[in-house]
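Take a look at the structures below.
The following pair of complexes shares a single chain, subunit A, combined with subunit B in the former and subunit C in the latter.
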Partner chain A sequence: MVDPLTWGTKRTRRILVVVILLAMGVFPLVGDDYNIVLVSRIICLSILAISLDLLWGYTGLLSFGHGVFFGIGSYSLGLTLKYFSFPGVAYIGVLIGISVSIIAATILGYFLFYGRISGVYFCIITLALTTIFFSVGNHPGLFHILGGNNGLVGPFLYHKFGIPGVWEYQRTMVSYLANYYTALVVFLMVFAFCYYLVKSPFGKILQALKNNEDRLEYLGYNVANFKIVIFAIACGLAALSGAISVPLQTTNPVVFGLSFNASIIIWIAVGGRGTLLGPAIGTLLVNYMEIWLSSEFQYLWVFLMGVFFILVIVFQPDGLLGLNLRLRKLVRSNA
Partner chain B sequence: MDELLIQLLNSLSFIAIFGLIGVGLAVLLGLMGVINLAHGEFVMLGAYVTWWSNMAFHNYWIGLILAVISVGLFSLIIERGLIRALYDRPMETILATWGLGIVLREIAKLIFGKSYRIVEAPVPGFVSFWGIEYSAYRLFLIVTGTIVLFGVVVFFLKTNYGLKARAIIFNKEMASALGVDTDRINQVMFAMGASLAALAGALICPIYVTYADMGMPWLVGSFFVVVIGGVDSIWGPLGGSVVYGGSQGITEFFMSTVASQIIVLLIAIVVVRLRPFGLFAKR
Partner chain C sequence: MASPAIELKNLSKRFGGLQVIDHLDLTIKPGELRCIIGPNGAGKTTLFDLITGRIKPDEGQVIFEGRDITYLKPYNVSRAGIVRKFQIPSVFDELTILENLHIAAHGQQGIGSLIFYRRTETSALDRVNEIMEVIHLSGRGDELVKTLSHGEKQWLEIGMVLSYKPRLILLDEPTAGMSAHDTMETSHIIREISRSMTAVVIEHDIKFLKELAEYVTVLDRGAVLAEGTFQEIEANSLVRDVYLGRGGQ
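Here is the complex of A and B:
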């Protein structure tokens, strides 16, 4: 398969990257408040989508429980803020979230990947994981800590985040610009990291793993170890995006629910998996589509989203960026 | 002691239901390497059809039969229209069945409304034996479930269809090369799994409330059944449901539901680590 990221000449690609970056940078200056808040959320969620794309698109491991690690990230930051308050505590919270997520992923990965859990069983186990976390998040016995169904709410969330005195932001509408740029900077950093990761020799091994796991093993690679490492990386990034989401949305057990976890997969499928850019585009597209559909069709919109998803899976499994490849092939065969 | 006996009987009813739901899921996984994420929606449809005909005819038994037949026929359409288009792409099939699940849930909400529906037990009252009083309907459920599951085992081990299905699960290419019509077997087995799920739905609707999202907990439970039991033979899902239903019933007796769920997940992960093809596989 041709890499959809390498279309056009080098020059047009460079121009396009600059245009997109400029558009993302300038957007808050021209957009209205509502859309800025919305887009900052979408940027944060697309970090999550990109991290799952590392697993699904590049390595072929479809996790139905990626939102669990997102939730670990946001609950860790939220709880840290709830119980401690000194300048810079947010950084510690983010680090705790990422480390907890990486450790959990490594332990789980050890059991699953050394147990030779293949595609479908991996889906099932991760699916089961979401239900457990969902019921822990809603557990009445933990209500005074996790807040049950409401999630983490309270004055502690209005602490200031960021670098004291230089770059401060908080969960109020007043600082939505700072929220936006923070999400954007983290997004660009994660994107660059993932881009170099998949272009590196390690990334090549991941793609080989997806294409033919047995052959890779014959060549002497420890397949399970590579799977554990990429699972830990992806889950760490998911926790990072979860931490970024704390000032942008309410932290509640919805992130452990099956529908949130499935919608991450829908974003990736719509945008085009295995492309990094695709999941980000898909997140933007599907979220705006949901908002539009839910205002147009109050009762039918979930149904319509389901039908749309089925159509994408059956007729365009490579997503939007795959469409671009198909069109080019068509043009080339006609020329 | 009496409470333990009641809990044991509750476990048996769990096992019967998870057996009915899990068999369809496991057979499909064995035949096509696919999990049907809309399987819980077949349970939901079965329950709704039973509820509806209970309202229309004031007769639970018509509803039970109607649920099994109508959901079976409906699943044939689904297999033709959706699953068959994705035969050689297992991952896409899983995602498409997820989309199908969303669509079916929303249709159910549009047709039957969002409120909880209740069906009265067709076998009322309690039966007393061995010093306890136990719900007559639950006893009926245990007996029916056991008989039907026994029938499924006979179907798999003694009939021509069962033999061909086992051949496909054992080696798909070889079976196909020897002239087994894999498409036809897949279709029959898909419909059988859906009918069994609908039967489970019809059986549980007098005990639990019926609503559009009711299928999800049962689906997740039957995942555990499949993971623990494996899909190599018909004994896999049956044994899996005994282990899962039993351990859930027993742990719920001693601790909270959440704690028992966590323990069951840990059991499943350890089982997967030690016996990747399930407890009841010959590998």
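Here is the complex of A and C:
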């Protein structure tokens, strides 16, 4: 598994980072509206994917319900905007989303990890989360609050970010630049945070956990606590990505469904898990592929996506970023 | 007489229909290097599992330095000063030697200090270098553990568990799968570390036992069959029967 975070020399990496940042910053000025919205959505979904990678790629815990926390984030902001309105209400909504997510993850994590539930059983329980939240989201009894199948719709979703009183900007469904740059800034902050986390001793311990949990426990580590902490962090970040996506895509129970939750896993697998960049690249690639394929093959595209995914897992399970390492090995063995 | 390092009192454990540990009593003095031998299935590894809290006994107690640790979880047993080296080398294959040792060195720290890490822990670093000397892996810190030989992984594991200057080290067949040369090296390493702590070693290798054993306990079917110096045990006909005659129950 190649670590793109240490690929090349320091100087090459610095140049690459600057180039990428410039490209991302300049993109909306040259792109068309449709693509700007698309990329904005993809940026939000990348944050989601990166947060799951912390859990799966680094710690070895595969959550089949990570989209649920994305939904908690978006519904929290949506509901806050629906019932309240005051300067800075959007920030409160985002904070509520993140807090609810972290608290839920901590409670769930406490019972799961102290109960020694891991591996497949962890997958199953997180999968069960999707069923629970999907029914709650669609529940007719809660229709007047949550909007059922349609979710939260309406101009109340438009909100202001920026600095209340000093400089504020409006986010609506058509404020393309505002949405794009908000998503971008959040993405960069989250990426920097995850990078720092992964490079810290805490990050190394997570990798050790994935590698050999028993040994870690016998060295004096309360492994359950570590799992709870990373689970809470990952779910908090997922909620953040959901909140940021609010005017960009509809806030409805689809995100609680199996299809969405499985998709996140696919994006990570295609891009390369256990590398923070991989999930972002995978999200970009797979989402664009879906759009291109669905316009070329109206009925076959789902099948083709499935085939593509199977091919990736069978022939290149390390994902796209693993290709680099493979090519290097090939070159060396033929030299 | 000084109080014992570790005492097992009337320890019993049953798995289904099998009495794996049978009213076992064992006392080990501080600073001893005790070897435990016995045929397969005698309960040696189970004994280590009971001491380190991996499993709970049906009856009996494990007393370490006067403290009842019978029901402590493994990470707390480790923090109490007891460390264990597993039969199959249990290290972090995907990380480097140095990373393995650093992780071992941080075992007693809270999560918060591990996220907001400040590089002032030079004492931990010195210890790491010390340990690398003891286990004969100096200067190879950046090598990935999965490239190490079997013997080297065993030594690394021993090195890792030494990080917090434990007071009792449990070694489960430390020379399993090793060449004769590596086995000798290992016996030297163990002799050196046993100078500063109590050590209990499960072993089969006769040469190793001859070289190291001060006092030997023989287990059979979950109970102590005989105890004595290596010479006494070697001459004990009951022990011979158990290993050769009735072996393979």
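Basically, the second predicted complex is superposed on the first by the 317 of 335 C-alpha atoms of A that agree within 3 Å, B and C clash if a C-alpha of one lies under 4 Å from a C-alpha of the other, contacts with A are read in each partner's own complex, and residues count from 1 in each chain.
Convention: contacts are C-beta pairs under 8 Å (C-beta built on N, C-alpha and C of every residue); 3 or more make two chains touch, one makes a residue touch a chain.
Bear in mind that the values here come from a model prediction, so they are computed numbers and not experimental data.
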item	value
When subunit B and subunit C are modelled together on subunit A, clash or fit	fit
Partner chain(s) touched by A:306 [first = subunit B, second = subunit C, both, neither]	first
First, second, both or neither for A:223, with subunit B first and subunit C second	second
Which superposed partner A:62 touches (first subunit B, second subunit C, both, neither)	first
Superposed model, subunit A: greater residue contact from subunit B or subunit C	B
Partner chain(s) touched by A:314 [first = subunit B, second = subunit C, both, neither]	first
For subunit A as apex, the angle formed with subunit B and subunit C - C-alpha centres, to the nearest 10 degrees	70
Smallest separation in angstrom, by C-alpha atoms, between subunit B and subunit C in the superposition	8
On subunit A, positions contacted by subunit B and by subunit C	none
Subunit C - residues contacting subunit A, complex	52, 74-75, 78-79, 83-84, 86, 90-95, 99-100, 102-104, 106-108, 111, 114-117, 160-161, 163-164
For the subunit A and subunit B complex, residues of the former touching the latter	62, 108, 111-112, 114-117, 119-121, 123-125, 127-129, 131-132, 135-136, 139, 141, 258, 262, 265, 269, 299-300, 302-303, 305-307, 309-310, 313-314, 317
Residues of subunit A defined as touching subunit C within the complex	197, 200-202, 204-205, 207-208, 211-212, 214-223, 225-226, 229
Interfacial residue positions of subunit B with respect to subunit A in the complex	29, 33-35, 82, 85-86, 89-92, 94-96, 98-103, 106-107, 110, 216-217, 220, 223-224, 226-227, 256-258, 261-262, 265, 268-270, 272-274, 276
